[in-house]
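Naming follows writing order (A, B, C and D), and every chain is counted from residue 1.
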Amino acid sequence: MRHPLAPHGYVKWTLVWVVMVLTLTGCWSSRELDELGVAVAIGVDKDEDDRYVLSVQIINPSEVASDAPTTRPPVTLYTTTGDTLFQAFRNMTTHSPRKVYVSQLRMVVLGPEIVNEGVTPALDLLYRNHEFRPTFFVTVARDASVSDILSTLTPYERIPAKKLMDSLIDTEENLGITKSVTIDNLIADVRSNGKEAVLPGILMEGDAATGTSTTNVEKVDAPTKLSIDGLSIFRGDQLVGWLKEEESQGYNYATGTVQSTIETFACDNPGTLSVEILRSNASMDAQLRSGKPTITIRVEVEGNVGEVDCVIDLSDDDKMKDINKKTEEVIEKKINAAINVTQEEYASDIFGFGNVIHRNHPAYWKQIKYDWKSHFSELEVKTDVKVKIRRKGKSTQPLQSEG
Amino acid sequence: MGNHTISPRQFMYLVILFTVGSSILIIPTPTAAMAKQDAWLSVLLPVSAGTLIIWFLSTFGRQLENKTFVEAAIFAFGNWFGRLLSFFYLSFIFILGALVLRNIGDFMTTQIMPDTPLQFTHILFLLVVIFGARQGLEVIGRSSEIFIPWIFLLLFFLFFSISPQINLDNLQPILGGGIKPILSSSLTYLGTPLLEMVIFLMVFPYVKEKKKAGRAWILGALIGGLILTLVTLFSVLVMGSDLTALNAYPSYELAKKINLAGFLEGVEIIVAIIWMLTIFFKLVIIYFACSLGTANFLNMEDYRPLLLPTGMGMVVLSIVAYPDVAYFEAFLGETWFLYALTHGMLLPLIIWAGFMIKRAHTESS
Amino acid sequence: MTDKDKQTNELDDSAPHALFSRVEKNIAYIETALGNSTDLVIRHIQLNKTKCAVLFIDGLVDKHTVQNFLMEALMLEMPKRRVSVTTLYNTIKDASLPIGELEEVKQFKDLFSRLLSGETLLLLDEETSALAASTKGWRDRGVQETNSESVIRGPKEAFTETLRTNTALVRRKIKDPKLRIDGKVIGRVTQTEIAVIYVDGLADESVVEEVHSRLDAIDIDGVLESGYLEEYIEDAHFSPFPTVYYSERPDAIAGGLLEGKVAIITDGTPNVLLVPALFVNFLQSSEDYYQRYDIGTFIRLLRLLSFCVALFMPSLYIAFTTFHQEMIPPSLLISLAAQREGVPFPAFVEALLMEFTFEILREAGVRLPKAVGSAVSIVGALVLGESAVQAGLVSPAMVIVVALTAISSFVFPSYNMAIPIRMLRFLFMILAATFGLYGIILGLIALIIHMCSLKSFGSPYMSPFAPLTTKDQKDVLVRFPHWGLFSRPSTQAKNNQGRTSHSSRGGQS
Amino acid sequence: MWAIIAILIVAGAIFFMEVPKLKKKKQIKDMWYVIILLALATAATLYESTGMETPNPLDFIQSVYAPIRSWFQN
């Protein structure tokens, strides 16, 4: 048995005391919750003087969390300018009473100026700074200023940024006309040679001025609304154009990101038939024939008959096959439209065909890597869509009958 | 020197922790930068090659019987030249210790607590390390048994929860850049945990059942290497080689992307915990080896009084060792492998040769 | 040397070692030594013309025994014809007294210790040895239900303050001839009786020896409770963790003995010590073995969880809210931030304030008379729960954290283990307030290392986790059914490992 | 200034934690080694805390290995 006062014990306790003193000397990195301005959305744009304009949407926690209705808005928007984005962030301290805290950031909205000029400089800070977590979405403001969008109050969901994020995800999952893009996906695409970036757009309907006031959310039908709109096409880090709704769908089919959507086409008889797409799968392959690459896109789609507004015998297997074929055609058309517009109009490889060639034929890719843009426009792309309609819903036949 | 003996299993745990510690921070970035999507291969490849190195080291360790590396050097080459060689060995360990300490300090001040001064982060960490080293090898071995299941659990959680975001396309084309970039980037792995294994020659005398211990050493290095391979593989699978190379701490960024069912977010601190635990054990082994070696070098009775003065020196060195991260990256990329090669391979070879000759000589006479 | 020491030594040194032959002289000596204490009863009698004296301490003896057996026998059953003193003495000793324990006393030192522990002395004139009859019997609390370690299922009885009762309670559980009870007297002034109990063949001899040697080394004037001994014999004096287990429950002690442990019973306290004590022992309750194994396992895991909660909850709360806000889910963060609006203190001070308030309330609750206790709990609930929040001094979330911590720290079956948690909690809070999770993790590493470095009578404190013994895991976090618990813990019962035969499980399998 | 005081206090604390123990155990040689090492470490710490350019062993290592490295790379 060691003596109770063996030196060992002394040392241990001295160490404990040193630690205590050391720790009590300062709380360098700590921030109290009530000192934080929790930012949920950030808008980045440039003004006429080529200075960065930073808008930050900050939560007003006591308004969001309280049960009692108040007249103050649930979020506050601060806007500053700076020669660099970082400087603009620091200038924020002169406006905001609290330190802007961005780890809970949900969405970044890029303004029209900056997407036309190039987004890389703005992205650098958003990726470099340790507080930014790589899970927030990046969007583009379409035909509206960033600060207008971020200062619009939304009904039902108190935090506009959360509303935007939710509808972005919902639109992507249920309609397939857009695609949510996180910052690291965007950076990877912008930096990659064989793939160009796309970003979802945000559209503001209505008057900007009414949107900022709480009166906007006091009406049943809010006069100013925010909605998600289509996909923008980038070349390098610049925006070059927008995809139409159908082309966006085609894009999502081709990349296999459609989760659920509706396809509608005309029946043989007058009327339309809608198919509910439940899941889709896509794969791309590159073949090299006589030194020229060909891309094959294979899409497999599964769905149900969703709505029948025409006279058709759904118990007939041939008819079902016909529906399959028609759906295939519609989807194929959408994909081709998307490919055409990117190849001919924008010369932007948003599908990542370059990466496919890189994966399948690395040696060939090395030769054309730096000249890919010109090759892309002449690339031959085949699409092969297979649709399987499995079920018809609750009714076995359409309500409309020939009688 | 006291009653610290550890079982082969505890030794294996220590080897695993040593292999993973700090390498988990260092490995993915340069390998992904060089070998691109084949980064995981450039970790997996040297893991197998490492078996050979460790086989040699463990054989040497068994021949040393109960002598530590420093004692063996002095035995083989006499008081002066043996001590000179030991000095190189000890300085290698000491510098490595300072660099490892700086690794965790850099990580903490970059990612988690940017406003905390580096010195205090180092001092606090080192105090705990000194506390651990003072308790002796037996206690270190036992606490590794407590922590190892947790580390595995957390690693499993990391891999499991990030797996929905895997994109297999990120791995293709396999061997697209040929074998050469893989080979050259595998030097990183060889240099960072594998050649540093020579430090265990200070610990090996205290392991029971030498034969089993040798196997445990190899097995531990394999498991550790496998963990590193998986970490690199997952980084590339989820983020792609470009972003992996772009990130200073890819595995941390990887954890930031975890989003399970929409509510389990922001759990990257789990990875920070894994790192802290593994780096702690790496440093405690380094620290133990360094002060024990110094005690052997000076013919002292006990290594414990040396712990605190050494700690002061190590904190200073860890601060001055490199002015900025770029210097460290360059040092790691250009010089470290050679430095580790001379001290981790050449030096033990020389001493092994000298030791065998000397032993044969003394036995015959 | 203190004055007290000197006095006791004087008494010892000046005492003549042997008894005098004159009974008056002996009595005079005893009276002086005891300072004419009023509770010393001296009854002079004449037996067969020989002067005799019966001495006992009032209150320590069972008067019934003294009257009915001793006095009656002496007065009525004596030989009528005159005999020599020696014959008389021998007759009394060997034949006359219907009393179980009767011993000869030749030394004053021995005489005093017997007299003061409740034996009745018979002094005869012209005889240099006295007879000591065991007539011990005093007001005893009796075997009652335990207050501090209550169970739902299992025996309700608890140890009492009387050593003999306690040894009997253990004997009743283990009726094996190999149960050893070694006696000892510790305490120069208090002369406290100690019993070291173990099962021969199960307990490790070296541990038994170690217990004896550590107990023998104690030099103290008084032992009033087993805590005195604990502080002397424990391994880690500078650790907040207990390395000696104690319990009031005979079944817990008997269970320990069956695992090869050694129990130390101290006279005057119901708390019996048990060594070696491992960390896991403090998280286990004897009830775990009475309930079915599945619920036993669940409860054990629950205890481990509440150990972590009690230790880390406030510090984690501080770390998350002041350092790692990104880890808090967004909606929770917003509501926490809203709650904190207007709270004047930093989270750390807030937590400290509440934890201290709670500790004070708890201590007050223990000390106060039962009648006032409920008043304290009402005030406490109001202060903690309602007013502090309404006054805006603390945030409601903090109240939840503190309350959860408090409840969790009551889960442990042994009060012992709650103490390190209570103390270390504050240390972790400081670490969390300055370094966030970094500090907590480093503190945790240091804590685990410290716990791994502890030993209790040769057994590593953290075994069977570290060093890991796979077969002992059956009775640590999970409790296997009794028919599956084949072996005793290998660190303690080295000799006799088998606990059950493999085929003793009844019923259909 | 504060840094220097703090370093001296820490060095003093280490001194009083380790040295008397060794002296009591009559390990005089060991005691001197510890004192020398402590003095060296304290000197280095003080030197560093004054903000002067502290010699960096890594620079030295790099310069030693520079020729081998260039040979290796060719």
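What we mean here is this: a residue touches a chain if its C-beta (ideal position, glycine included) is under 8 Å from a C-beta of that chain, and two chains touch if they have at least 3 such contacts.
Note that the structure is predicted; figures quoted are calculated from it, not measured.
Compared on C-beta pairs in contact, B-D and A-B come out with B-D as the pair having more. Averaging C-alpha coordinates per chain and comparing to chain B, the farthest chain turns out to be C. When every chain is reduced to the mean of its C-alpha atoms, the one closest to the centre of the whole protein set is B. Chain D has its Cα centroid 23 Å from the Cα centroid of chain B. Each chain gets one centre point, the mean of its Cα atoms, and the points for chain A and chain B are 40 Å apart. Work out the mean CA point of chain C and of chain D, and you get 50 Å between them.
Taking each chain's centre as the mean of its C-alpha atoms, chain A lies 54 Å from chain D.
Residues of chain C in contact with at least two other chains: 323, 326, 435-436, 439, 450.
Those residues of chain B in touch with two or more other chains are numbered 112-113, 116, 124, 131, 265-266. For chain D, residues that reach two or more other chains under the stated contact definition are 10, 17, 21. Those residues of chain D that touch chain B in the shared complex are 10-11, 14, 17-19, 21-22, 25, 27, 29-30, 33-34, 37-38, 40-42, 44-45, 48, 54, 56-58, 61-62, 65, 68-69, 72.
Touching chain D in their complex are the following residues of chain B: 91, 95, 294, 298-302, 305-306, 308-310, 312-313, 315-317, 319-322, 327, 331, 334-335, 338-339.
Those residues of chain B that touch chain A in the shared complex are 110-117, 120, 123-124, 127, 130-131, 134, 169, 172-173, 176-177, 239-240, 242-243, 246, 253, 256-257, 259, 265-266, 268. Residues 210, 214, 235, 237-238, 321-323, 325-326, 330, 333-343, 346-348, 427, 430-431, 433-436, 439, 450 of chain C touch chain A in their complex.
Across the complex, chain A meets chain C through its residues 1-2, 4, 8-9, 12-13, 16, 19-20, 23-34, 36, 38, 40, 59, 61-62, 64-66, 101, 103-104, 106, 131, 133, 162.
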